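Below, chain A partners chain B and then partners chain C, in two separate complexes.
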Partner chain A sequence: MTRHQVGRSLPRLEGEAKVTGTAEYIHNLDVPGQLHGVIVRSVEPHARLVEIDTTAALAVDGVRYVITSHEVRAVTAVDHVGPAFADQPVLAFDEVRFVGEPVACVLADDPRAAARGAELVEVTTEPLEAVYDEVAACAEDAPLVHEHLDASAMFADLKGLDDREGTNVALDYTLRHGDAEAALAEADHVFEDTFRTPASVHAAMEPFVAIGEVGDRGVITVHSATQNPSMIQVELARLFDVPENRIRVRTAWLGGGFGAKLYPKLEPLVAACAVITRRPVRIAVTMDEQFVTLTRHATTTTLRTGVSADGRITARVCDVTWNTGAYADIGPRVAQKTGFTAAGPYDIEHVSIDSRCVYTNTPPAGAMRGFGVPQVSWAYESQTDIIARSLGIDPLEFRDRNLLRNGRPHATGTAMHGTATAEVLAELRRAMAWDEPLTQAAAPLRRGRGVAVGLKAVITPSTSVALVDLSGDGSVTVSCSTTDMGQASATAYAQIVAEVLTIEAEDVTVLHPDTRSTPYDMGTLGSRSLYHMGNALTEAAREVRGQLLAAGAEALGVRADTVTLTDGAVSAADGRRLPFAEVMLARFGMQAGNLIGRGVFTPPYAKPEPGTGQSPQIAAFWMVGGAGAEVVVDTDTGEVTVERLLIAADVGTAVNPKVVTTQLKGAATMQLGMTRSEELIFADGQLTNMGLGAYKIPGFLDVPGQLAAVFVEDHDPERDESAPFGAKGVGESGTFGVSPAVANAVHDAVGVRIRELPLTPERVWRAMRAADDGGDRR
Partner chain B sequence: MSFTITEPSTVTDAVRLIAADDETRIVAGGTGLTLLLRYGLLAPTRLVSLRNLPSLAGVAGTGDGGLRIGAATTLSALEHSDDVAARAPALRQALRRLGNVRVRNVAQLGGAVAHGHPQMDLPPVLVAGEARIEVTGPAGTRQIPAGELFLGYYDTAIGDDELVTAVHLPPHHGVYRKVTLRTAEDWPALGVAVTTDPGDSRDGPPATAGVRIAVGAIGDRPFRLTDLEDALADTPPTPAGIAEAVTTAVADLEIHDGVDASAEYRRHLVAVHVRRALQTVLLDGADPDHGDPDHGEPDHGEPDDSDVAGPDVAGPDGGPR
Partner chain C sequence: MSDDVIRVVLNGEPVTLPAAADDTLLEVLRRERVHSTRESCGQGVCGTCTVLVDGRSVASCILLAHLADDTELETAEGLGLPGHLGVVQEAFVAEAGFQCGFCTPGMVLAATELLRRNPTPTDDEIRHHLAGNLCRCGAYPEILAAVRHAARLLAEEA
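Showing the complex of A and B:
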C-alpha cells in the first residue's frame, strides 16, 4: 500500500539548496542593463516639502537620474497605494510624515554612486507639528498626520471608511455582545489594568529587494521578495491604470518575511522608475532601512473585567489603541480582525470591544507574525493571572473554569467548533507538571512559572486558486502563488498533492509564484496558506486523479468506477497496473500532453453586523496557542533567565510534524525576543536604535535551555470536512502565549507585575524595589 | 568608500606604511573597522593588513609566570589557550563571552585593544591585570600601561603611527563578570574584573590588601575602583564587610544614563557585580547567580525535544488519537 505523505516528518525539500547556497533568492538576481536605486529619506517626522534640489546628486559620476514624486506622478494614474487606505505616496509630495519616508530615488550605474548621489540630494522642508504616541494622537487637539482620509478599493470589508477629516483615528472598530457595562456594575469584583507594548521590527535576514523592468507590449515585470505577488499585481495595475495581464510579479524563496513583505513596499517605486527610465531598476534596501519600512504596532490596551464571587468572568470591556504609524498599511485590518479577539479565549457573556487604529508620525506598522494577537494576549493573559491571584485561585484552574469551549458562542456571536482550547490547556498542565510543586532556587535567585493561552481567528474571507499539472511522463508540478519564506509551504503542498495522487512528495515540484503563470492567491499571511491553498490543491489534485482514473480505465478497457489509484498507477480490479506515464502514453499516443486540475477555495463567511460585530460565521478556523514558562529571577538585579519554554498548540493535523515543531519553536523564540529585548526607541520621531547592532534580536544562546513544542491534533468532523486532511495553520500559534507566560512566571517568582514590554531587567528591578517600598505585589 | 589593501610581511614595513600618512589604517580582523567604514566614520584610502605577519601571533609564557601575547593572535586562539586558562583566568572568562564565536574567530587582540569602543570586555581585564601594551612606531618600541591606554570614545594612547605588537600580562587569579541586558551575545552593559597576584592566595584565600578592581562599559573608558581597593585593605574579609565597603565606594562614582540602562540602575549593577566578584575572589565562593565558578557561558543545554508530541501521542483523554 502507498505510504502516507500527510503526517511524514519530511525534511524541507529545498533544504539542501539552502545550505549549499544554491537556492534562488531575488536578492541574488541581477538583470542586464539594470540601474541601482538608493532612496533619499526624510529626516523630519512631519514637514511640508518645499524643494528638492537634485543638482549636486546628478553631478556625481555614474548617477543617471534622480527621481522625485514629480516624475512618478507623471507616469502613474493614482497618487497613493495602500491595502486598507490608499494613503501612501510612492515618493512623498506636499508633506513628509515620518523620519525615513522616501522622498527621492537616485538611480546610478552602481550602488555606490547611487548612495553618494543620495547623500547630495538637498531637501528643503518647513517643519509641522508631529505626534508619536498612539494615545496622544487620539486627543482632540492632536496634530493631524493626514488632513483627509480615503479608503482603498482592495478590501470590501474596509469600505465605508472614506472621507474622514480632523482625526488621526483611521478606523474604530466596535464589538458589542450583551451589555458589558451593566454586567460590570453588578460584578462582585472589577479589575482594571492597562498594558503596553512597544513598536518592534521583523528584521528578516533578507531585507526588502525588488527589480522592475518594462518588456514587450509594455508589460511591467517586478521581481520582488514579496509575500503576496497577486496583490502587488492588482495594486500595480491600479497604480498604472493597466489591465492585470500587463503586470507580472514574480518571486522566489524569501529570506524571511514575518508579515513585513506584504502589500506594496518597493514594487511601486521600482516599477515607476523602470517606466520612467525604460531601464531595469533594482533597489535593495539595507538592514537599517528595513527598520523604517514596516514595523509591528505599538499598543495601549485597557481591560476592565467583572468577575463573580465564584471566579467566573462575567463581563469584559476592552479598549485597544494601535499605533499604525504614518501610513495605514494593513493596520486597520489588524485593529479589526484581532480587535475582535481582545477578550481572550474565554466564555464571557458580556463583552464590549473598542479597537482603534491610529496614525502617528512614526514608520508605518502592519502585519507581523501573530497579526496583533501577541499584543492583545499580553493584556488579557496578564490580567487573567492578576485576577486569579487576587481571588486566590490557581491561575491554570481559573483559566479552565472560564475557557471558551466548543459549542459555546465567541464574543462575535460565532459558535466555536473544532477549536482545542481545553485540550491545549490540559497539555500545558501535563507538560508543565503543573500539579507538582516547583523546586525553589537558592537566594538570591527565585524560581517561578506561568502559563498563558491565546486565540486567533484566521483572516476571513480570502481566496486561493491552484493548478496541479501532470506531464507526459507522469511527473507532477504545482502552480500556486503561495510564497515559501521559510515556513516550508512548498514541502507541505508537495505532501498534500502526493497524498491524493499516491506518489512521493519528493517527486512533486512546486513552482515559485509568478503571476504570469501561477493563479491568484490573497497572500502568504496569517497562517492561512496551508488551509486555504491546501484546500484548493486538494481539489485540483482530485481533479487530476479523476482524469487519470478515466484515462486509465479506458486504456485498461474497464469501467472507470472499477479502477483505483495506488503507488502512482491506475490499477484494475484484476491486478493490472498502468503507471501514470503509461496512462499518458495511452491517452496522447506518445509521451505528451498534460492533465490539469484546478482548485478554488473561498471559505464561507458572514459579514459582521456593523457596530456590534456580530456574525454567525466570522472565521474559517481558529488557532489556539498556549505557552508555559519557568524562569529564574535574580532578586538583586532583576535579571530573568527563562529556563524553560513550552509551547502547546492546536494544529488540526500535523501535515509535517517536524516542520510543525520548528514553526512553533521558531515563533516562540521570535516572540521571546519581543518579550525581553526588542523595542524600537524613538526620540522626537527619530529612531535611535536602527539596525541589528543597536536593536537586539535573540541568538541561539538566548534560546531557553529547555524549549519544547507539544501539539494537539484536534479533530472535529465538521471542521475536518472543510480542511485539507484536517490541517490548520501553525506559523503564528507559537507566539500567542509567550510574553504573558514569562511575565506571569516572573510574578510567581518575585511577586511583581510588569505591564509594559519589553520585560527588561531594569523594569523588574524597579518593580521589585517599588514593592519593597510598600507598593503592591498583587 | 574605496581603498587599497597592503599586506606587509615585516613589522618594519607595516610601521613605515602606517607612519606615511593619515589616510592609512591598520586592519586586523576587521570586525570593528568595517562598521566604522560602513557608517562613514572613517574613510581611509589604504588599509594595512596584518595577515602576512604570522610572527605577530602567538601566546608565550614569561619568566614571571605571566604571558606575552602577540597582537595578531585571534581571540578564539586565546580563548582556547591552556596558558591563558592557567595564568590569566579572568581573561579567559572575558573571552568566552566576548561578542560571538564569529567575531572571536577573526578578531585579534591588537584590534580589541586598539578599537577603543567603551563597551568592550577586555579593557577592564587588562586594566585590573596591570597589562602593558607593547607598541612599535618609527621611534621604536615602548610599553603603555593598560591603565593609561584607554582615553575615551574610540580614543587610545596608541599613536597613529604606532602598531600594537604585543600585550604583556602578569599572572593573576581572579574573575571577570559580564552583564548583558538584552541578549546573551550583546555588548557588555557592565564588565567587572577583579584580580589578585597568584602568590597572595598560595595558602588559602588572598588578602584583601592586594586586590585590583576594574569596571568597564559604564563610562567612556574602563576605570579602577582605587578607593574601594584602598578601603578593602582595612576591611575584614567577610561578606558583610565587603558589601559595606562596596556600597560606600559605589555611591561616589560618577555614572551617566546609558543606551540600555539608567544611571541609577547601572550604579546598582556595579554594586551587585563588584560585590559578587569580590566575594568569589576573596571568599572563594561560587558565583551566587550561576553556581558555576567558571561561569563562562550562560547555562544553555541542547534544546530539548524529548517531550514533543507527534501525531501518535496520547490525546488529552488518555486514548490514542
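Showing the complex of A and C:
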C-alpha cells in the first residue's frame, strides 16, 4: 500500500539548497551586458516637478544614461500602472506625491557609479500642499493627492470602481445587513470606541530586485522577485501595448514577500529601461528603499456596538479608514475584502460597515500578511474585551456566546460553512488553561492574559491553472505560477500530486514560475494558493492518472476499469504491475513522450449587491485564527513581555503539519513585531525610521518563552468536496489574533486599555500614569 | 597589502581577489559569485551577510574588504554543499530551521561559530549568540531546535 503523501511532515524539498546558500534567488542573478540602475527619489511629499538636470550625473565615469519620465513615456503606451486604479507613473512626471517616489533612474556599468550619479541628479520642484493622515484626507477642503483617477478594473471584484475627481477617497465600500442604527437605538448598552494602527512595513530579507531585457521579436523578459508573475505579465503587456505572449516574467525562490512583492514594483521601470537602452538593466533596491516602496495601511476604525442585557451583540456599526498612501496599489481591495469582515467573527443581526480607502502623501500601502485583518481585528477584538469586562462577563465566555457558527449568516449574507470558529475558541480555552486561575507576578510586575479571534474571507473570485507532466522515464514535473517565498508551496504541491499519482513527493519537481511555460495564476497572496492551485493540481494530476490507467490497461491487455494506480505503477487485477516508465515505453515504443494533465480552478462567486454588500457566496472559504497571550507588564517602565503566545487556527486538512505549525508561529512572530515595536514614523511626510537599524523587527530575544501553534483540522463535507484533500490556506491565520490578545492581556494585567498600536513601553507607561490620575480603566 | 587585491583563504582555498580601497567584503565576495553572502539591511544589523573571518562572524556589508586581507574566510558553501551537508546544515534541514531561506546561510554560520566555541550551549546562550541574525519569516523556534540538534550531532561525532 502506497504511503500517504498528504499529511506527511516532509522537510522542504529545497532544504539542502537553502542551507548551503546555493538556492536560486533573483538576487543572485546577473545577465551579461547588464547595466545597473539606481533610482533618484523625491525628497518632497507633494510638489510640482519643474526640471530634472542630469548633466552632472551623466558626467560621472561609468554612467551611461539618466532615464526620466521623458524617455519612459516615449516607449510606453500608457502613463500609469496599478491593479485597482491606474494611478502610478513608472517615473513621476507632472507631480511627486510622496517622499521616496521614483523620479529618475541612473544607469551605469556598475552599481557604485549609478549611486554616485543618482546623488548628482538635480530635481527642481515647486511644493504643493500635502496631507498625511487618513482622517484629515477625507475632509472636504483637504489637499488633493490626485486631480483625477482612472479605475483600471483589472479584477472582477473591483469592477464597481469609478473614475473619480475632486476627492482623496479611492473607494468607499458599504455593507448594510439589517438596520444597525435602529438596533443601536434600542440596545441595552452601546459602546463606542476608536482604534488606530500605524503604517508598518514588510521588510522581506530579500529586497526588491528585477532585471529587464529585450530579446527576439521584441519579447521583453523580466526576471523579478515577484509574488505574481502572471499579473506582472498582464500589466506590462498593457503598459507597452503588446500581446501577453511578448512579455515573459520569471522568478525563483523569494527571500520573503508577505504581500509587498505583489503588483508592479520595479518591473515596469527595468522593462522600460531595457527597451530604451536595448541592454539588460538590473535594479536591486536597498532595504531602506523597501520602506518607501510599499507599506501596510495605517487605519482608523470606529466601532459602535449594541449589546443586550443578557450579553448578546445585537448591532455593530463599523467605520474603517485605510491610509493607502499616494498610490492605491491593491488598497481598494483591502478596504473592500477586509472591510466586509470588520464586524468580527460574531453572529450579529444588524451590521453596517463603511470602509474607505484614502489617498495621502505617504508611501503606497498595499497587501500585507493578513490583508487588513490584523488592523480590523485590532479594533473589534479590543472592543469585544471592553464590552465583556464592562458587563462583567468573562471575555472568552462572551465571545463563545456571540460566535458566528456554521449555518448562520455572516454580515455579507453568506451562510457560514466549514469554519471552525467554535473549535478554535475551545482550543484557546484548553491551551491557555483559561479556567485555571493565573499566578500573579510580584511587584512591580503584573501578569495578565487575553484572547482574540479573527476571521478572514479568502479573496474570491480568482483563477489558478496548473499542468502536470509525466516524462518518458516516468518522472513528474509540475508547472504552475505560484511563487514559493518560504511558505513551502513547492513541497506541498509535490505532496498533493504525489498523493494522486501514488508516488513519493520527493520524486516530483515543481518548476519556478515563468510565464513562458507556467500557466496563469492570479498570484501568491491571501492564503489562496493551497486551495486554488491545489485544486488545479489535483485535477491535472487526475488527468495524468487517467491517461496512465488507459495506457497501462492497453499494455496489459485488460479493460481500463480493471486497473488501479498503486506505488507508482499501473496494476492489473491479476497482480501484474507496470511501473510508469514501462507504461511510457509501451505507449511510445521507446523512452519518450509526455502525458500532460491540465487543471483549471475558479471557485463560484456571487457578486455582492452594490451598496449593501449582500451576496449568497462571497468567499470560497473562510480562515479562522485565534491567539492567546500571557504577558507581564513592568509597572515601573511600561515594558510588556509576552511570556506565552498560543495560536489556534482552522487549517482544514494539514497537508504538511510541520509546515503548518511553522507558518502559524512565523506569522504570529511577525504580528508580534507589529504589536510591540513596529511603526513607520513620519514627520511632514518624511519617514524618520527607515531601515532595520531604526525600525525594530523581532529578533531571537523577542520571541515569547513559550510560542506554540495548535490547529483544528476541521472537516466539513461541503468544503471537503471543493477543497484539495480538505485543505485551506494558513499563511496569514497566525496574525489575526495576536495584537488584540496582547492588548487584552495588558488590560488584564494593569487595567489600562491601549487603543493604538504598537504597545511601546512609553505608550503603556503613559496610559498607566493617566489611569492613576483618574483616567480610563475600562 | 596591495591597493587593488586582497589575499585570503576562501573556504579552504588560497585566492587573490580584486578589491578597491572602498569595497566592502560583501561586494568582493558577490563579484566572486559567492551567493550565500547576501546584502539585506546594508547596515550591519541583520546578519544576512555574515561571513566567518578567522572564525569570527562578521557583517561583511560594513567591513572594508582590505580589513579582511590575509584572513581565512568561511561562507555557507564552505561548510557543505547539497549532497554533502555539514553537520549544522543537516540539523537546520532536520528541524525546518528556515522558511524563505534568505537569512539561512548567515544563521548557519553564526551557529557554527557558537558551537565551535561552546559545544554545549544553553538555550539562552543560543538566543543571545544569534540575536544579531534576523529572520523575517520568524523561524526562530525551529532555528533554536536546529542549533540544539547540531550540538547533539557534534557530541555524537566527537
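The criterion applied here is as follows: the second predicted complex is superposed on the first by the 776 of 778 C-alpha atoms of A that agree within 3 Å, B and C clash if a C-alpha of one lies under 4 Å from a C-alpha of the other, contacts with A are read in each partner's own complex, and residues count from 1 in each chain.
Operating definition for what follows: contacts are C-beta pairs under 8 Å (C-beta built on N, C-alpha and C of every residue); 3 or more make two chains touch, one makes a residue touch a chain.
No experiment lies behind these values; they were computed from the predicted model shown.
Asker: For A:665, select first, second, both or neither according to whether it touches chain B, chain C, the two together, or no partner.
Answerer: both
Asker: After the superposition on A, what does A:203 contact: first (chain B), second (chain C), both or neither?
Answerer: second
Asker: Look at A:546 in the shared chain and tell me whether it touches chain B only, chain C only, both, or neither; answer first, second, both or neither.
Answerer: It touches nothing on chain B or chain C.
Asker: So, A:431: does it touch chain B (first), chain C (second), both, or neither?
Answerer: first
Asker: Who does A:472 touch here: chain B (first), chain C (second), both, or neither?
Answerer: neither
Asker: Answer with first, second, both or neither: which of chain B and chain C does A:693 touch in the superposed model?
Answerer: both
Asker: For A:703 in the superposed arrangement: first (chain B), second (chain C), both or neither?
Answerer: Once the two structures are laid over each other on A, A:703 reaches both partners.
Asker: Considering only touches as defined above, state whether A:765 meets chain B (first), chain C (second), both or neither.
Answerer: first
Asker: Based on the A-chain superposition described above, do chain B and chain C contact any of the same residues on chain A, and if so which?
Answerer: After superposing on chain A, chain A residues 665, 693, 697-699, 701, 703, 707 contact both chain B and chain C.
Asker: Within their complex, state which residues of chain A touch chain B.
Answerer: 7, 9, 112, 422-423, 426-427, 430-431, 444-445, 634, 636-637, 639, 641, 643, 646, 653-654, 657, 661, 665, 673, 676-677, 688-689, 693-694, 696-699, 701-703, 705-713, 715, 760-762, 765-766
Asker: Inside the complex, what are the residues of chain A that reach chain C?
Answerer: Result: residues 11-12, 14-23, 25, 27-28, 202-207, 253-256, 258, 286-288, 485-488, 658-659, 662-663, 665-670, 691-693, 697-701, 703, 707 of chain A touch chain C.
Asker: List the residues on chain B that touch chain A in their complex, please.
Answerer: Touching chain A: residues 1, 35, 100, 179, 181-186, 259, 261-262, 265, 268-269, 272, 288-289, 297-301, 303-311, 315-316, 321 of chain B.
Asker: Taking the touch rule as given, give the residues of chain C at its contact with chain A in the complex, in rising order.
Answerer: That would be residues 33-43, 45-46, 48, 75-77, 79-83, 85, 89, 92-94, 96-105, 108, 126-128, 130-144 of chain C.
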